[in-house]
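The chains carry the letters A, B, C and D, assigned in the order they are written, with residues numbered from 1 in each.
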């Protein structure tokens, strides 16, 4: 079972990440400077958080396209709120999370209680959120306080804030996975019917998975605003496909039941690192898309091969 | 700390060349590739072919991606970065970091609000208000018009439209019948204009940003005998149409103005002169450099015989370039090194060598908050007409 | 003969549905389209007529073509995220090969469709033989194809579509634009293909229950691959037409069609999980989305509100199309008996 | 004594589909009460309503004279009602402990409970219900089907303080002694048990009374002591069931051999030699998991043998896919046991389902000719006794029995000469069974050949013209028609006589 455990706990993608990072650092020694590491993680954090959120939904067997809309919406809202200082940043965080959770609740209600296919329903909510974002912020810009722009992208005791946030999310998942809510989430991803007959409130669990997702998208949008010190009504668009690529890279199974948030965090980080890595070894930017596409296919094949080996062992 | 002074960039790559990066938002439309090709051609023109190593990087539409690419370029020891920035704010921190490392940043067309970067742009030159006034003049101050805008949620589109609305709002006779986003693209412009025409076949004029040639096609598709006055940007198709007597008879008149790809060439040459020490760097509050607004009316359209803008010509025959080709790739005064092949293929003109820029080339651009500066005030005469005079009073 | 016939005619305890929910969905969608077109007379007197209809038909023809492929892939339990890139590929290839002349047009277009169908075959192989989730496989293929287009053109698609194609996009016969006629023929042929041919039946069976289809002797993998191949070819065809329409290709020309192609399919009453759907429904979905967008443009609604309303229409359509609503409707219809 | 559970006039509609139309019954405390009925009679719906999975449209349930309306499994458990479901409701990739304790595997209020503590609590449950061969730490997917069934039962037992509902609890259990011991244990404490099973002998052993359902309504409650099986059957189907004597069949072994295997081996098979003759119904008997499933799937083209030969119509053939199996001459049509997952196309019409293998197409474009299709489908349907009025209905909406008829009609439609049927009457009602039997006999009379496996020995006895017994991947007995009896098959199915004791120990 060790291979399976490695795949599930994200150890596999961790190893991949470290290998790529090692090569990258060998080619580009300045990659190891504190500034570079901080910059790399600042750059990775929004995608990591978005992928973490999407994982909650994918684990229960669902799908959430609203990631692009929610990030655009929250990013725009953050940029029109003019609160300064640490307290202001906390206040904005509160509002951002509220909006994210609200969008998640709508998705969750429509999918879990109105029983509408997740892809279709979240496609609609994504479009609606993009529209609202355009109403709130007509063009990129807005205001992001210096506290958010500098402190949230800086370091605390020499440790970049972005690494701390990612670590906290990983810890949260570590605990959540062991709670009843976490077990039930994984259970319905494996077999929704059996879960229902086991007494799990399937609709409620699905509903909350979307709420978690919404909250994490909001967090992603919040840190995106901090990193770019600006807001944009189309900020979420690049996240749409990248988020799912990151989740896939982390080894979480589409269809649910297998994988985890930590793996997705690392998958997202790997995706961002990949861009740096390809740049450093001199791959023309024309072909980075091709490399990314191939890597996604290979990652899924690899994770599938691991599952195959595990299944084989279970049978014999 | 942030205000740390800049040391002059001296480091060249190991083989003695300047390492210059060309960073694009996304490639794929005529404008972007022409602008990139101009830089590529200049970098291959002697003596730069011996002294410059140019690397092209495409960052897509995601500011985060461009941030990451800038960081990589800085880490790789870039001497200068010529770039079309994706966001006017998001790149600031990275740009500042690069400046501190001694990297020269030259933005063309789009701008950043970080003061240490040079912005070479026409944006502040009043495209919106001047074309709007020209359209009002054509319409005699009255009529139903369409606004064919750019990309939703884009600050350049917002600046242009604000300028135009500043004028239109002064004329109660002007009614904006429809306003739609055309993504600065011929095809989308054509589709969106078609939709608007279905509701308002009696439109009197169109104010368009890039993609304007699509609007003409939509008009012809709806009614092949009726065109209306319109203003648009610099596509070759539009200029040919403006000068086309048959189209004029159907009602087409107007002005071609807007974003010139040649901005990238000026940015690159300025940067190289500063790197080579031929030109002093400017203080941080004077780094917004205005590129003059091209302005071509039907009467001004003049076909080029050769492959450059010679004798004041400004349009190419239809069999030489596609209709979506953006003219204004040349500037005989500032960029005499270029030919049509430079813009289309990125190849240098045989026999050409880099000519120094005239001394007085730098025209400072006015401050515009959110466009080229932060925490600054816009001048009171922000939307003052610079190119055209009102011929009708409100 | 069979001595047990008498035993078999036992009344089934469940009553079956006679009215197919897909049929109701399709009728509802078309009803809405008609209502909207005529309702738009209230917005502007010049709307709501034949010219408005023609305009909507013309503009939706591109979407209809790529949504057909998307619908087939969704029917076999997949999802095609490479639509945008395949449109670009079609556009780029057509301008590159044609170079503004009519020469060789008759083998260039089939050639382009063949090349893109091969790309679709690769996606299909990944999905069927390597068991890669369709979502990932087609997204990756999309990235790769786009990247190849970018590298191949070095960022600048060159050349023009053939003048004959340009003329095709502009000319009219009896007041009907040729692309509309093409679309009608396309709809006719492919409705028959999807709903009334042996091939379509097999695709339906595969989408319904792949294991059962395998046991019933259907070549499941081959069927699935052909759905991806057709989808890729459809997208490429849309790309060729778009390039002719806009007189040139750009690398992002497909971006506006990916999500609408999915939206058209689901609004048209197909299940996103596969196994249920009709092309006529998808056509209705495409018409509805185009009509709505054109009406909102005419109304002068701002981009923000326009986007919101489009999203709401999709959401409402989805809620309306739920199975429960149909069973409710059916039991209402049954009551009189 | 008052009734523990009283159900009165319970009704349930799914849209236009009526599943229950007035069920009345009562269960005494400590009683084991059977519910009998054909498939589609409403037993599953009754179970679902009682366990809170779905809610009723009308009628009432009272528990100790208090009206209850459970709206979820958890709520039902709060009333002391727990269910062991027929389709096991265990999560495959979780531990036994987690499955037993779901949905509240962790008892910690503010912090998740440690794994060790969870295993500890689960172990107590396992010990309480006399399970000592399954660790609470093992993953459910690694367990055998019988072990999983017991876990499912333990979970229900541990939650049932008032009413225990068992839906086909012995389907995967090798013997009933453990279960019946636990049932007697809980009933001795006053818990009532609602027991659903197709196996009448079990029902007679453990139950006191039975309520018979037909078409979603109660036909009556009987004391099992006082009625014989015939009476129960007739209440279930509404008329005297036709119990035909075994048709005397001429010996077919001298006819042409259509299918032959030589030392066929695979993961579970260890060298199978068999011959299937035209005009023959070849029965296959065996305990669960002796390799018969693999054998049938090899014939269907779904499984590849490791070694050995298959001859179809005297030619050595490899059956790589169902497609190929259908195409060899004479063709082989396989009907699997899993109707829902491997058989039907739920949203296609019955006619389309039947005609899938052989479209009634016209023209080069292969356009389906609707009238021709319906005609051909009707012909096939009549052979399996499927009423033609169902042909236009979506198959997903038909009852299990009719779905099975559709599948058999499809097999006929393929034109294959060899039918490979794996448990063709599993879970279908008596009437459908008779139609299927008739179809099978008719098919071989026309010169076809059938090889079929059944889990019901009586069926094998009744139908087979020859019967093979499979044990541990080998054919251990070949019984001629006149020698087939349930006793003989049962004995052989437990292996060669000297291995018999061992095998029973293994099975437990």
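Convention: contacts are C-beta pairs under 8 Å (C-beta built on N, C-alpha and C of every residue); 3 or more make two chains touch, one makes a residue touch a chain.
In this text the structure is predicted, and so the values were computed from the model without any measurement.
Novice: How many steps does it take, at the fewest, to get from chain A to chain D if each step moves to a chain that touches the one before?
Specialist: Between chain A and chain D, the shortest chain-hopping route counts 1.
Novice: Could you quickly compare A-B and A-C and let me know which has more C-beta contacts?
Specialist: A-C
Novice: Average the CA atoms of each chain to get its centre, and name the chain whose centre is farthest from that of chain C.
Specialist: D
Novice: Measuring centre to centre with CA averages, how many angstrom lie between chain B and chain C?
Specialist: The answer is 37 Å.
Novice: Could you please state the distance in Å, as a whole number, between where the Cα atoms of chain A are centred and where those of chain C are centred?
Specialist: Using C-alpha averages as centres, the distance is 30 Å.
Novice: Rounded to the nearest whole Å, what is the centre-to-centre distance of chain B and chain D, using the mean of the C-alpha atoms as each centre?
Specialist: So the centre of chain B lies 73 Å away from the centre of chain D.
Novice: If a residue has to touch 2 or more other chains to count, which residues of chain B qualify?
Specialist: Where chain B meets two or more other chains at a single residue, that happens at 58, 152.
Novice: Among the residues of chain D, pick out those that touch two or more other chains and give their numbers.
Specialist: none
Novice: Scan chain C for residues touching two or more other chains and write them down.
Specialist: Residues 150, 154-155, 302-303, 324 of chain C each touch two or more of the other chains.
Novice: What are all the touching pairs of chains?
Specialist: A-B, A-C, A-D, B-C, C-D
Novice: Which residues of chain A touch chain C once you look at their complex with the stated criterion?
Specialist: 110, 114-117, 119-121, 123-135, 241, 244-245, 248, 254-255, 284, 286-290, 292-294, 296-297, 300-301, 304
Novice: Along chain D, where are the residues that touch chain A in the complex?
Specialist: Residues 51, 53, 72-74, 77, 83, 85, 87-94, 98-99, 102-106, 108, 111-113, 141-142, 155.
Novice: What residues of chain B sit close enough to touch chain C in their complex?
Specialist: 24, 26-30, 32-33, 36-37, 58, 152, 176-181, 185-188, 190-192, 194-202, 214, 217, 221-222, 322-324, 344
Novice: Considering only the defined contacts, which chain C positions touch chain A in the complex?
Specialist: 79, 81, 126, 130-133, 135-137, 139-144, 146-148, 150-151, 154-155, 259, 262-263, 266, 271-273, 302-312, 314-315, 318-319, 322, 324
Novice: Mind listing the chain B positions that touch chain A in their complex?
Specialist: 56-65, 67-69, 71-72, 75-76, 87-94, 97, 152-155, 157-158, 370
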